[in-house]
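Look for chain A in each of the two complexes below; its partner is chain B in the first and chain C in the second.
Our next item is the complex of A and B:
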């Protein structure tokens, strides 16, 4: 495996694209590793947050967009709050996820992607999130039986915390319009 | 005192006791809440994860409703909803091109005069701890909570502008004013794993396990939260039987408001035994 890259070979178009899209000044990163040190999900990522930034600088588009890291970020914003160069990595991760989907990249963490989709569809239907239909939708899409959540989930259901009937907004037309315009703008 | 109010989708589901205790303590404090008409979901984590524009337009519709209600600042109990409304507010205030796009899609004109406030901020800085102390009938004597702020209220500080992002004090000060003895610890703002709980329960179990065991090590009787998702994760993904309260529930105990029995029934880990042992029931 090649371990060094000459400066001439580096492609800066990916760095420019991501910087423009996220609004973050990624060239400022000097690899202090504060982001990765404080990240709660970094141990589960295939590429750590600091390396994601370095790889963007190096033009490694495919590796970055195909990573699990962009899906494991839960936007806790610990990194962005601590970054000495004020790079908001949560915003960066959002931009990378959008780019991956637009480029048709297969999400490395399929279930995380499908869960977000199921949530958004639940809001699209009635203007408000509804746990029961959202979870059913997610399970059907992903074929994930959610074994780790089944028993506590049933307990919460029995406590009446997951009502069966959804609550809808009256202005469904307004919500529909917002969804249509926000998806078309892409 | 009068405020616009955004209850959020979990108000009558997973955060039921947060909603009811919020209403009860604000009523006791003589605060009028005007629920914004036909509010919609703030978009939550899913939306900004996949579609930035949608994640700004969904909260913006609520901002437009609160603007036309003219019922005072918009108060938001859920930490998540608060952070997404603030995120949209930040874009509306600081990015002209984005503001125009949002206004066109949602169909309104943004007025920067509307304030968006977290419930905790309203209690500490609008109502004030003096007034809170006047209402205390049953001081929480002997109760040692750790205060858990999570992510959404304090980060990113540029956007939420609430308390210190590394060592926040709001909840600790509130607990002291109720007569409790909050314990210092190092996990106040560590993330619980949020909605990863649905897809990676094992990861969240580890993150929550660390938070709960550190609370125990600090000598706490319970954890006090201000976020529906944190409360659910902390209760659901631990095996140490440590009660997890919403801060409004403990205000309700100290104010001796009625109906609080119905809140405990909603908990997976009943806090009744703890409250009984301290003579607080």
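Our next item is the complex of A and C:
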């Protein structure tokens, strides 16, 4: 109990904004922790998924948007599939990432959003992620040569998980339209 | 010499897993007068009972010992079984080798087997001397008394009356309805409490089978199941209710106002007034501690204005006697005395109120005509804090139990508040949310979703006044942070405790209460609406905290139990009671003193003490107390007891 949250007038605007952007009914969360229990990345997160929801309810905007947790979510949807109140935390995390970027708030891992951008751009180009070009993109953006990741990278390559040439989906035109629509919506 | 039978039950592995039943059956079979001994996996089952019946028939048994579980489980079963073969049921005895042997000696099988044998041998000694007894038949009064005119008592009374029985309904307040009359809307359907309740009350008021006594208290109870004699004290209302036409002129002209407990201190009543507007019965009472006439005789306004000349300043309390066959105790609850809740600022800070006070604010006929306002300055509270579990679930300082209704009514109150003050913010401090009945969880989740209630999981440490606000220090354990809220108003969900005077009433009824004063039921699962005293039934919050739905269910259950009890003119009672050897009794009267059931009486003409067979419960207190050994218990004589003891030592 280090800090005291002083509530003069409860600021529910953050809760309302996040609920609106994500479309999730965040008030319904009763902290059963099913989401956190099944989340593959929760052990590495600074704030657990259930706590993210609680902090949104409490109006702790800064703490939530500055967290690394929102960038650690890999959108596997385990949480949303299992949540008894139908809260899709993956969708919520996406909304939080967008809000963090708009507000210019960065996580402690300063390059984490660059990785996110490289991923999105890769999908934009081919309709699905192509690891080699995506990592090159990331290295250029971040000037991080990922030396520590060299050995796992080679292992993945040897297993055929890193195809040299990108493969594209058939409906490239549709992918393009999706991206246009999303950017326009903002 | 009687021909006896021994029947040993395995009770699955409960007995046979520890006691060597085969060897016990064999050994007891060798006893001289035991004509038959057998063992079986479940004696209480139909094939098991068949073994007993056949043995009685074929071997001509004259006494039976069934070695099995406690007599409270199956004594009746086996006595019925032997009776069907023409044997007197009191010649059948139970040797308890489960609870008192196999269960407690699971690690000492040899010794347990020996002990089982001895228990059976001792019981055989008893059966040898058992007399043939007949059940005692007692005539009963086929009417019921209901103490308490809240929703529990009203439901029980109406159900019984509809069943065709005469009902005596006693309410200590001047009108029916109990605490439910103070409520605005009820969860989970948000129906207004009063209209449905008053419809029921009016039905009671004019029901030909219900004898309603408001402003009355039970003063004394004598008698026993089927034949209770009640003394009721009808408190002086100072108004002749027979003449009063309910016009209300007396109330209008009464110059005295006092702070009303009904309005939880938020409103006033006149010295002559109704309990609540539109009350049933719609008759006023003069509160003598507030009336000027009774202070110094200076005012007779009500008497002057009454068109029916119904005011009776000289009216006295009246005592009436009534006879009933069964009694429902529906004495209800109170909220925990708030003056003992200093840490929440109650009494010191005017804007700290309890849940019932907020209900009065919500009520359109209440002190604020339904508006939610701060008691201190009359403004609308924009930040409102609800604190749950105040004095509940706190074994160290207050009450250890859960009061069961607070989670739901707090959610309901927060919802009603939010509907009236859409820009207001309710905060709810809680420990756990318990929403365990039909539709409750759904109500709660829907309310939270729609109304944006902020639940803070943690206890409040301090409530204090600061710059016109009420500051609440607490903790939110879900984020692990201390929380400080500057609120306009605080609502405490205080614990439910039994009504005052229940202990006193219970001792008059010879019913028992637990350490908190709640009436105790005969068995928490199997006899939940019966008290441990025959003929006394329990309904509503006097037994334990419960909501309206549960209260109504329990009240109907008591009515149904009583209808079964009163369905015949005669009641059969166990004959295993005390009797007096008239040749030995010296008439010293010690037994009369020690009897807890008032079943012993001196017969002055004959100079001896007699047993009232309908009252005696066979406890044995008089037998132990009698200095001349003149009292004995049927089928538990001193000879039997000594012989049983000899078997063991």
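A few points about this structure:
Following the convention adopted for this analysis, the second predicted complex is superposed on the first by the 121 of 186 C-alpha atoms of A that agree within 3 Å, B and C clash if a C-alpha of one lies under 4 Å from a C-alpha of the other, contacts with A are read in each partner's own complex, and residues count from 1 in each chain.
To be clear about the criterion, a contact is a pair of C-beta atoms (placed from the backbone, for glycine too) under 8 Å apart; a residue touches a chain by one contact, two chains touch by 3 or more.
Note that the structure is a prediction, hence the values are computed from the model and not measured.
Judged by the touch definition given at the top, the superposed model places A:46 against neither chain B nor chain C. In the superposition on chain A, contact is made by A:28 with chain C only, not with chain B.
Contact with chain B, but none with chain C, is seen for A:146 once the two complexes are overlaid on the shared chain. When the two complexes are overlaid on their common chain A, residue A:75 makes contact with chain B while staying clear of chain C. More residues of chain A lie in contact with B than with the other chain of the pair chain B and chain C. In the overlay built on the shared chain, the residue A:54 is in contact with chain C alone; chain B does not reach it.
Of the two partner chains placed by the overlay, only chain B lies in contact with A:112; chain C stays clear of it.
Contact with neither chain B nor chain C is seen for A:17 once the two complexes are overlaid on the shared chain.
The interface of chain A with chain B does not overlap its interface with chain C at any residue. Within the complex formed with chain C, the residues of chain A that make contact are 1, 3-10, 12, 15, 25, 27-28, 30-31, 51, 54-55, 57-58, 60, 85. Those residues of chain A lying in contact with chain B across their complex are 40-41, 44, 72, 74-78, 80-81, 88, 90, 94-95, 97-98, 101, 109, 111-113, 115-117, 119-120, 123, 127-131, 135, 138, 144, 146-149, 152, 155-156, 159-163, 167, 169-171, 174-175, 177-179, 181-183, 185-186.
Taken in their complex, chain B has these residues touching chain A: 9-10, 12-14, 16, 38-41, 43-54, 57-58, 61, 101, 105-107, 151, 155-157, 165-166, 189-191, 193-203, 205, 207, 232, 236-237, 265-268. For chain C in complex with chain A, the touching residues are 382-383, 425, 427, 433, 445, 448-449, 452-454, 457, 475-476, 478-486.
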